Structures are given as structure tokens and as C-alpha cells.
Amino acid sequence: MGAQRVGVVGASGYTGAELLRLLASHPDLDLVLATSREFAGRAVADVYPNVGLPLPFTELDMDALASLDLVFLALPHGASMELGVALLERGIAVVDLSADFRLKDPSAYPAWFGSEHTAPSLLEQWVYGIPELHREAIKGASAVANPGCYPTAALIALAPLLASGIIDPATITVTAASGVSGAGRSLSPGVHFSHVDGNFKAYGLPTHKHTPEIEQELSLLAGTDVRITFIPHLVPMPRGLLATCIASRATDADPNDAADAFYADEPFVRVLRDRLPETKYTHGSNHCLLSYAVDVRTDRVVALAAIDNLGKGAAGQAIQNANLMLGLAETAGLAGHGIYP
Amino acid sequence: MGAQRVGVVGASGYTGAELLRLLASHPDLDLVLATSREFAGRAVADVYPNVGLPLPFTELDMDALASLDLVFLALPHGASMELGVALLERGIAVVDLSADFRLKDPSAYPAWFGSEHTAPSLLEQWVYGIPELHREAIKGASAVANPGCYPTAALIALAPLLASGIIDPATITVTAASGVSGAGRSLSPGVHFSHVDGNFKAYGLPTHKHTPEIEQELSLLAGTDVRITFIPHLVPMPRGLLATCIASRATDADPNDAADAFYADEPFVRVLRDRLPETKYTHGSNHCLLSYAVDVRTDRVVALAAIDNLGKGAAGQAIQNANLMLGLAETAGLAGHGIYP
Amino acid sequence: MGAQRVGVVGASGYTGAELLRLLASHPDLDLVLATSREFAGRAVADVYPNVGLPLPFTELDMDALASLDLVFLALPHGASMELGVALLERGIAVVDLSADFRLKDPSAYPAWFGSEHTAPSLLEQWVYGIPELHREAIKGASAVANPGCYPTAALIALAPLLASGIIDPATITVTAASGVSGAGRSLSPGVHFSHVDGNFKAYGLPTHKHTPEIEQELSLLAGTDVRITFIPHLVPMPRGLLATCIASRATDADPNDAADAFYADEPFVRVLRDRLPETKYTHGSNHCLLSYAVDVRTDRVVALAAIDNLGKGAAGQAIQNANLMLGLAETAGLAGHGIYP
Amino acid sequence: MGAQRVGVVGASGYTGAELLRLLASHPDLDLVLATSREFAGRAVADVYPNVGLPLPFTELDMDALASLDLVFLALPHGASMELGVALLERGIAVVDLSADFRLKDPSAYPAWFGSEHTAPSLLEQWVYGIPELHREAIKGASAVANPGCYPTAALIALAPLLASGIIDPATITVTAASGVSGAGRSLSPGVHFSHVDGNFKAYGLPTHKHTPEIEQELSLLAGTDVRITFIPHLVPMPRGLLATCIASRATDADPNDAADAFYADEPFVRVLRDRLPETKYTHGSNHCLLSYAVDVRTDRVVALAAIDNLGKGAAGQAIQNANLMLGLAETAGLAGHGIYP
């Protein structure tokens, strides 16, 4: 069997660029198409000299997409709704990296994103793409909604605690901090180097649009409706994301043991016992580093998760999902180790 | 009246260096002495070319100190206990920048710092040096314990909320993030540039030694015993500190209004309405920027405070305290604006 | 005598913002006006929370300018030509921070900037504003052309060597590196934090537009026509500039001695003997740090100069010039020490 | 044929860690041994969580080394001389990443490194390991001296110019700038994050110890004795190196054409025509990006080369050399693309 043919739609952003980088050395996927309005006609190697691909960026062309086995959609919010549906109708598997198909509840779209979903009846068929939570469903799916970076870290950190009833789901707060690539490649005063360097801030208060996605999955895990306070921050670094989750204890069980058991066979999740997660150790990889502590004075649990927001938080996880969907080894093309220092 | 004579003991660390920088252009204080074992014999201008002072660093000499009006102690924890007491006995005013005199409860020292306090009976006479909370006491004091950087930000953020009963004191969590200078000038693998750059992490879990200091002052404000969960983080930037405080609402009062009222006449505290605090705007200054938000979905209040950890979080506040103790204008020597970008 | 009244035209850029910061605490200058098309109507304190000025930005208004003693022009290239001339005609002193009046040779404007100068006959009356080279002329001037950041560093480094004949003027190369604020506040992919952080590059090859300005002044110093190769680089830091100048030796004289003599009484220039200049020690100040070495193997001299590109390289030097023009102490408002770390 | 067995001696430094990272996913080399006095007994995965290898670090043991096909020596200068000779005597191939075997002239060691070489008669048998210059010799070698990071960049930039006689070899200056990992993992005040961040400086003036290595190879290329002025600088970034080389033109030939021809078939060298090299595009890879410009005003050529100092400047090139020595595909294990942003 030859390699399966894949394409990336919307390859001019950082997430798209990371998909190109990873696909360029994927042993079992053949990257044959990358669309970008901004860069159409130029070779990938000219736009991104780090990725030496001669493949030219092209304009979006439905017929060209129709010949592929799987398409990664890396478009801005709202732009995937129609295209995602159209691709599925033609029998092409899709991993969508936007928020367009992540929420099961159609009413959440107007509430959180300001406009109605255009295909509400199809939302149920999209699988929320965290393999550590939904592996079997992803294996059988042709439509996967790849999670946001913050939700990925928060959910991997909190899942073992909710699954084992260690924390009170009504008390969860998540403060998280991301590198600047999480804000995308678009220009604004807030991403000017001179402004960001030496700067740290919170943003998106009090209701960042990643909140409902986290709550949806936490509610599934807890078996009850969960609402959280989620506060994202911006760190002066290009990549990396740390979620710091705090909740009241419901039992005396050791959260580290719970996480060890929950993630025993996971290739990309590691529970650290003797040190705390640092984002740098995930730089450029698909790994998630976890650590747990109990504050006995206040009877609270602290759960920490570090990922690369463009790796496990976006493009890496998208490839992990695609591997599962296409019947490949889950780790194919993701074996590279993080770069340090 | 001529300028009053001051000295800095332990001037080789970052906090000491910042004191030298600020004192070098203070209009009413005359810096006549700076001690440093490491740099004794060398001119300040040679060690720190940014501060063009010809003053030589000297070894610690009690007789030399005895001629001063006020001494800033910038020594490691534990090293100020004896010296602070000795200076007071000789009638010299002291601002101590360590944790040695911050806690009123002697039993907190063995519990949090691992050893007994050597002068427990004197702890009551030290004033906790946040002028916005204890201005009148500081004015009359000859002994001021200058607060830690994290406590300064957290307390200034939370004080109006507790004073007005807006939040439930049993539900407070503080996640905060500091630039690397907060860890001091000492060398360790954790401060190597190649390790820190592009890296973000939590540390000191679950009970950082700044916790009791925050709890002591919050309890005073709340009129009840307060315990918090406090999680510090390290940001890849030299200076700057942001405290993100979350607590459940106890009333519907607007936290911004409460803060505006509480800090109405403060020269160094500013409540932002249309934007969120960013550490960069405090870079090199003694200012604290605040902002508040209410998450009505979860009925929680979020309070943010940004400071320069070496400014309002250490040396700047020490000079503000000294100004008050010596009867000078509170803002003397602190009028400089933050550097941006 | 009261403070003299000054204004800043074009105060929305980084150089303008640094002028506002410095003028806000200048003891002898009264900042009464700041124009900005982008920010007109908003208070300085709202746009730049680091500078707590209530002064509102206004649109450019010639009548308002006419009441001032001195105007700082911080406009893009080409935009000062008309305004600079008009202000002088009304008897108002001008410090122009653009390149519009730096070159004496009118033919250099079309050659290097692509368009004719609109007031070529007036170029001679503008004094090139490096006080260390042209102090007496600046004192008597009402029109000063403030130098570029790269020229300031390169000229201060090389002046003692050319003045004393230590180097062969035909062999000079200058490679220099600047922080990102030198590229201005305008947005482009090249200033996105995610692109700049962890990145180092040369740019503007082979003929950056600061070249003729450096050559003009080097030629004056050498008494012969000097041409150089000048290669600028971009450093992932907001501020700071280092010029590394290399030339063949013409005599055996010690360049450090020559520099010591040349800058003996200068308040802002310091020749380091035991260490090399580092940009960080000039952060936020008007200082220039110098160092010299001789490579006897190749018979070449290396001259290093570090400045803050927004300080001595722009706004700081502009205020130094204004002080001289208005008969104030040269160091007024510039006594602040650099911030470290 | 099974994979060949390799080991890394001195794996606790940054170069050693990068070798481990690359070898961990090398398809044809089996990493069976990593020595480190500092980390002996701990697993690689514990020390470097980015590299998930269970392999434990061990103490140096000659018998264990004797079973290997090839050993990478990543020891400090001076420490490889004896071990390198001993391994060769036992018939084990060696790639030494120190300077101990780079210079052919024994007298250069006392002159540049302060002590005599202990095996001067063996220096001739070590091949200087830049495959682009010495590929055939490396293929047949059992002893390769892996070049320094600065020499790699400078030599790849200058080789086409000297080989084609485009520049005057008597006029070469090299100013170069490296990320901080080039200074190693050892702690010193000069690598403290708070000192380095926001800082740029030159160092090692006027005669850095990489100079003779550059001159040796330039002399071979030019066919005449070449001396250069080489000035290194430190950039506030963990990785990346740019060499900016300037020399007078000797002919009118186009340096870009010369470089295109010289590197026509090279897998890791790329001559950019429409943009200049930026270090970021080599981050984590073994690539070298080149660009050339002619300053016709001064008749000088500027040659720029960007590499990752730990990739093509150290560990990547070492693996490239090992691949050639062991008869593997030259690009094996080095196919990964640089990480951006």
C-alpha cells in the first residue's frame, strides 16, 4: 500500500505551517496539496525556508481536494463550516482545526461566536479529537474536530481527576498561559515584538471562547454539568502552553496515581513525579507533560499540563488524529523529540 | 535641612542594585554606603556600568552604619534578623527587604522557613510596608518590613474586595507569574538563559514561602482567618509580575468601583477600566496597574495586578517606605516613568 | 525664569513616546503639546500607561506650535521638510529626529532617499546634532538635525580614531546590531514577535540609508572623502544598539588613550577599559559605552559602541540637543540611570 | 545489516544533549551508550524530558566504548586528546566535537589554547569535518575533527568566493553572532537569563580561539596564507548563528553564481536569492542558508551564512560526518525540518 494522499487548506497560518513541517517528513502520508490565498503560486520552500518543500501553494480548488484521502482544514473560525460539510459529502475524511465543529450544542455557536452554525444537524457526527479521551471514536470517524490548544492541556490535566472523582467539579478554575503563536500570524499592535518582549498579561476576560469547549468535555467526564472560570495569559515566547488547574478535593486519592493509571499506555502523555512540567521540554513535539500536587492546607488539588500549542495543541494532535482515522500507527510522523534548549 | 544619609547593606543582588539605581538620583536621600562581600573594593560604576556612581562597595561595618539615618537591608532570608535588631538598638531606622520581619506570628518562621526567629518578641514593632494599607503606621515607624513581590501585587489587588466584602475569603486562589530577576542573582541551572528563554513553568508547589505573608494581611483585611492557594510561575522576562486572583462573589457590588474608591488618592496605584494590566507598562517604575472582571456565569471575581517585581515589588516600595519614615514626600525619587517598549 | 515650553510632533511612534517619557520628568522643560493623528483626543496616559500624563494628543495645528519655544519633530522621513522650514520662519527652535535635514549635500537626498529635497538651500543652517562633535554649533543653533541611531554609535566610536589619525579611513567597515524598536512601531511580518524572537539577521544590504550620514561626518573628521561598508542587523530585543567598527591601523597609538582624551569631559560617554560594552547597561539612559582593541596579527583596530537606540540614539540625544539650544544644563532631564537587569 | 552501534561521551552538555536528541530518532544508528559524570545513573528521559529515552547515563568506561562502531566525543577542550587516540588504537571510529584535533599545525595549540598537544604526530590523520569541503576524505576516515560553529558558518560562506578568486584574501573580516547555547551549559554571571535577555555584546576580542581554525581552512582554499579579523557576538536567543563576512572584491564575478555552482548538489546548503538568511529558519535543523551582496560603492563583497549552532554548527554536522564515515546515506537522521516559529 502506498502512502495516503493528504492536503492542507489554509496553510499560510502558523498552524498550517506546522502541519506542512510535520507532513513533509511523515513516512506514511503524502502531502500533495497546500492552499493559501496569500502565498498562491509560491513554493513552500520560498515562504518557509525551514521547510524545503518545492510544493507550490495553490488557491482553494474543490476538484483538487476531491482526489485526496484526507484534508486538514486550518482556516479561521467560521470558514470551515461549509467546506467541511462539502468534503464529507464527497467522502473525503476531514480534520478541522478550527472551532467550527467542536461544540455539540448548536446554541453554543451564537452564544460564544456570535453567529448561528450553518449545519447544526451534522455536529453530532464530528468527533472531538483528543485521542486520549476518544480514541475509538476517532478510529472510526471521517470527521474530527481538532481541539483548541488551551482545551487540550486543561482536559488532559483534569480528565483523570474527574474520571476518578478526586475533585469537586463545581470548583474548577483554569489559569493558562500560551506563547504568542497561539494568537496566529495576523498582525496587530499586540503581537509587535517590541510590545510583547518582556511583557506578561491576561487577556480575553472573563469569558474566552475556548471556555465552552472545555466545559463540554469536562461535563462528559464528570457526568454532570460543569462550569469553570478560565483565564488565559500571553507569555513572551513563540511556542508553549501551560495550564494551571485548581479545584477542591473530593477524596483523598493521590492524583498522580490516578493520572498514571489513566495514561498508562499513552505514547504522548507523561506524568512527572520528581519535577514540574516546563513548556520548553515540549518544544516542537506532540508530547504533554503532567504533574499534580495537593495543597493540604486548603484541600485543593493543583494539576499542571505543558504542551507545545502548535504541536499537541494543534498540528501534532491533528496528525495523531489523522493517523488513527487512516489506520496508521498513531505515532507515525510524530516521533521527533522536542528541541532543547 | 540637608539630604538624609542612607546606606544599602547587601547591595550585590538585583534588589540591592535597583536600590542603588534609584538612590543615585533621589533628590532628598544621600547614598553614602553600599556593602557587598562579593564586590568590596570595587566602584558601583565598575560592577554596574548602568549606574555611574564612583562610590565603592565596602564590607559590612557596624560603625559605618551607625552614622546613617536609615539603612536598607537587602540580605538573604535569615541574615537580617540580628542586624536589623542591632541597628534599631542604635537608633537607626531600617527598611528590611527580606522576609525576616514580615510575619507577626513567631511560629510561622519554623513552619515556613525552617528555623526559629531569633527575636520573636520584636516582631510586633515591625510595620508591614505596603503604604496603601499601612501608611500611618509606616510614617511613625523606625522598622519596616518591606513585603515580597508576590504579596505586594496580590494584596493590592485583593484589598478593596475584602475591605468591601465583595468576595468570599474562603475561596481565594492566586496564580501569579514573575520575571526571572525575582529569583535573584544567584546562579543555578534554572536561571541559565538557554533554559529559561522560551520556557514557562510553575514552581514552589504547593506552598511557596510567600503564602503566609499574603494570608496574614488578607486575614487583617477580612477580619477572619484566610487561607489561600498560591501558585507562582516563572516568565521568560527579566522583570515584571502579574497576579491573577480569583474568588467567589459575595455581593453584586462592582469591584472596579470598590478599587477606585479604595485607591482614590494613591500616587502609585491605577485602576484601568478600558484595558487590562500588562507588566511592561510598569517596567522600571513604582506603579501598580489593576483591573477587575466579574465572571457572571460562575459568579466569580477576577482581580489582576501588574507591578515591576524590583520596583513596587521591592526597591521602589522600600524607598516609598523610607520616604514616609523620614518625613519626605512619598513620591520623592520615584517620579520616573516606566520604560516602554 | 519659568520652564520653557516644548511640544512633540508625531508622538505616536516609539521615538515620540520616549520623548514624552523623558519630557514628563524634565525639570526645566514644560511639555504642553503632543500631536498624533492616530491617538488625537486620547490622553497620553491612556495610550501609554507607563507615562501617567493627562495631556491629550492633538492633531497638528500650526498656531498651537507657534506659541512654543522649541518643537521636537518625530515624523517619518520626508514629512519634516516643510514643517521644519515653516517653524524656523516663525522663530521657533526645532530638533528634527528624521533624516530630512541631516545631509549637507542636496544631491544625497535623491540618491539615498529617492526624492529631491524641497529646501536644499537651507540644509547648511541645520546643525548635525551630536554634541560630542558639534557642541558649540548646537548651542547657537535654532535648527538641529538629530542623528540616526546607527550613525550616533558608529561616529562616537570612530571619531577619536580619525581625529588622531590612528586608522586608515579607506578601510572602515561597520557591522551593527539594533533592537527591534529601531524599526518603528509600524506593523509588518518582520516585527511579529513569533518571527523575531529567537531570530538574528542582517538587513538593508548592501546600502542602508544611514550610510551617507555616517560618511558625511567621518569625512569631516578625517579631512578626506570617506566611504564605508555598513551592515545593520536585527537583534531579538526591544532596545539597544551595538556598533562594531573595524579598520586598519595607521599608527601605533593606543586607541583607548585617544578616546579617553577625546571624551575626557563628556557626561554621557564612557570608555571602558576592563570590560566590553553591553547594550543592556545603557537601557533607558542617554549613555554611550565604548571600548577599543587592537588585533596586532592583522594590524586592525576594533571599536565598539553601545547605546540605547531610543536614548542616545534618538530621544535622549534630542533632549541633550534641546538643552544646549535653550541654554539649559546639558544633562537636565537625562540624569536617570539605565535599568538593569 | 543491523544498525551500527554508537555512543556519546560527555553527553551532559548542550552539544551532547543535541546528539542524543538526533540519535534517538536516527534510522540507522543505534545509540547504546551515553556517558556523563554529572548525570551518571539517571535516565536520559529524566534529565532531558524532551528526549524520552530510558537509556541511563553512565560513567566513562573504556571497555564499554570498545564494543561500539563509532564514538562521538563531546568533551571540553583538552579532554579528548588522550581518549581520541586511545579509541583509534582500538579501531573505533571517532567524531570529536572539541577543538583538540582540528588544527594541523601543532604549534597552534600552545599559541591559541595555552598548552602543547599531546599527540602532535597524529594530527594529520584527523580530517576536518565539513563535508561540503572534505567529503571524500571524511568517507575514508576513522577520525574526524568536527568543526566549531563559527568556523562552519564562516567557511561555508567564504569557500565559494576564495575557490573562485572573487575576493582578496588579505581583506577578510568576519563578525558573527551566536545564540547563548554556544557558550555551553556551564553557569556564569554572563549566562544568567536576567543578564542576557535584552542584551547584545561582542566578546573574545581581539583573538577568539576559533580564529586559527578558520584561517587554516581559508588558507587551503585560497592557496595562500590567510589571516582574518574575527569578532564574535552574543545574541539573546538560545540557538542560531549568523556569520557576516566582508572582503574586497578581486573580480567582477557574481558571488551568488559562484555559490550556486559550488553548492549545486549539497543537501544541507541553500543559496537564497530573494531574501537574506535568518537564523530562525535553521532552528533545530542541519541546514545552512547563504546569501551574497556586492557593495559596488566600496567594491566589497558581503557573505552571510545562517546555521543552528547546535545543528550544522555541532551535533547535526557530527552525525552528517558519522553517516559518511559509516557508509550510510549522508542525510540519514537529519531529514527533520527546522521549527518555525
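Each chain gets a letter, A, B, C and D, in the order it is written, and its residues are counted from 1.
Everything below uses one rule, namely that a residue touches a chain if its C-beta (ideal position, glycine included) is under 8 Å from a C-beta of that chain, and two chains touch if they have at least 3 such contacts.
Please read these numbers as outputs of a predicted model, since none were measured by experiment.
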- Note on the structure: Chains adjacent to chain C and to chain D under the stated definition are A, B
- Pair of chains joined by more contacts [C-beta pairs], A-B or B-D: A-B
- Note on the structure: When centres are defined as mean Cα positions, the distance from chain B to chain D in whole Å is 46
- Query: Any idea how many Å lie between the Cα centroids of chain B and chain C?
  - Reply: 36
- Per the C-alpha centroid definition, the whole-Å distance linking chain A and chain B comes out as 39
- Task: Please list all residues of chain A that touch 2 or more other chains.
- Result: 14, 179, 181, 192, 194-195, 197-198, 236-239, 278, 280, 283, 341
- Item | Residue numbers on chain D that touch chain B, as the complex places them | 14, 179-181, 185, 187-189, 191-198, 236-238
- Which chain C residues qualify as touching chain B in the complex? 14, 17, 21, 24-25, 46, 48-52, 181, 197-198, 238-239, 270, 272, 274-275, 278, 280-285, 287, 289, 335-341
- Query: Which positions of chain D touch chain C when the two form their complex?
  - Reply: 173, 175, 177, 179, 192, 194-195, 197-203, 205-207, 227-229, 231, 233, 235-240, 242, 244, 246, 276-280, 283, 293-298, 300, 302, 304, 306, 341
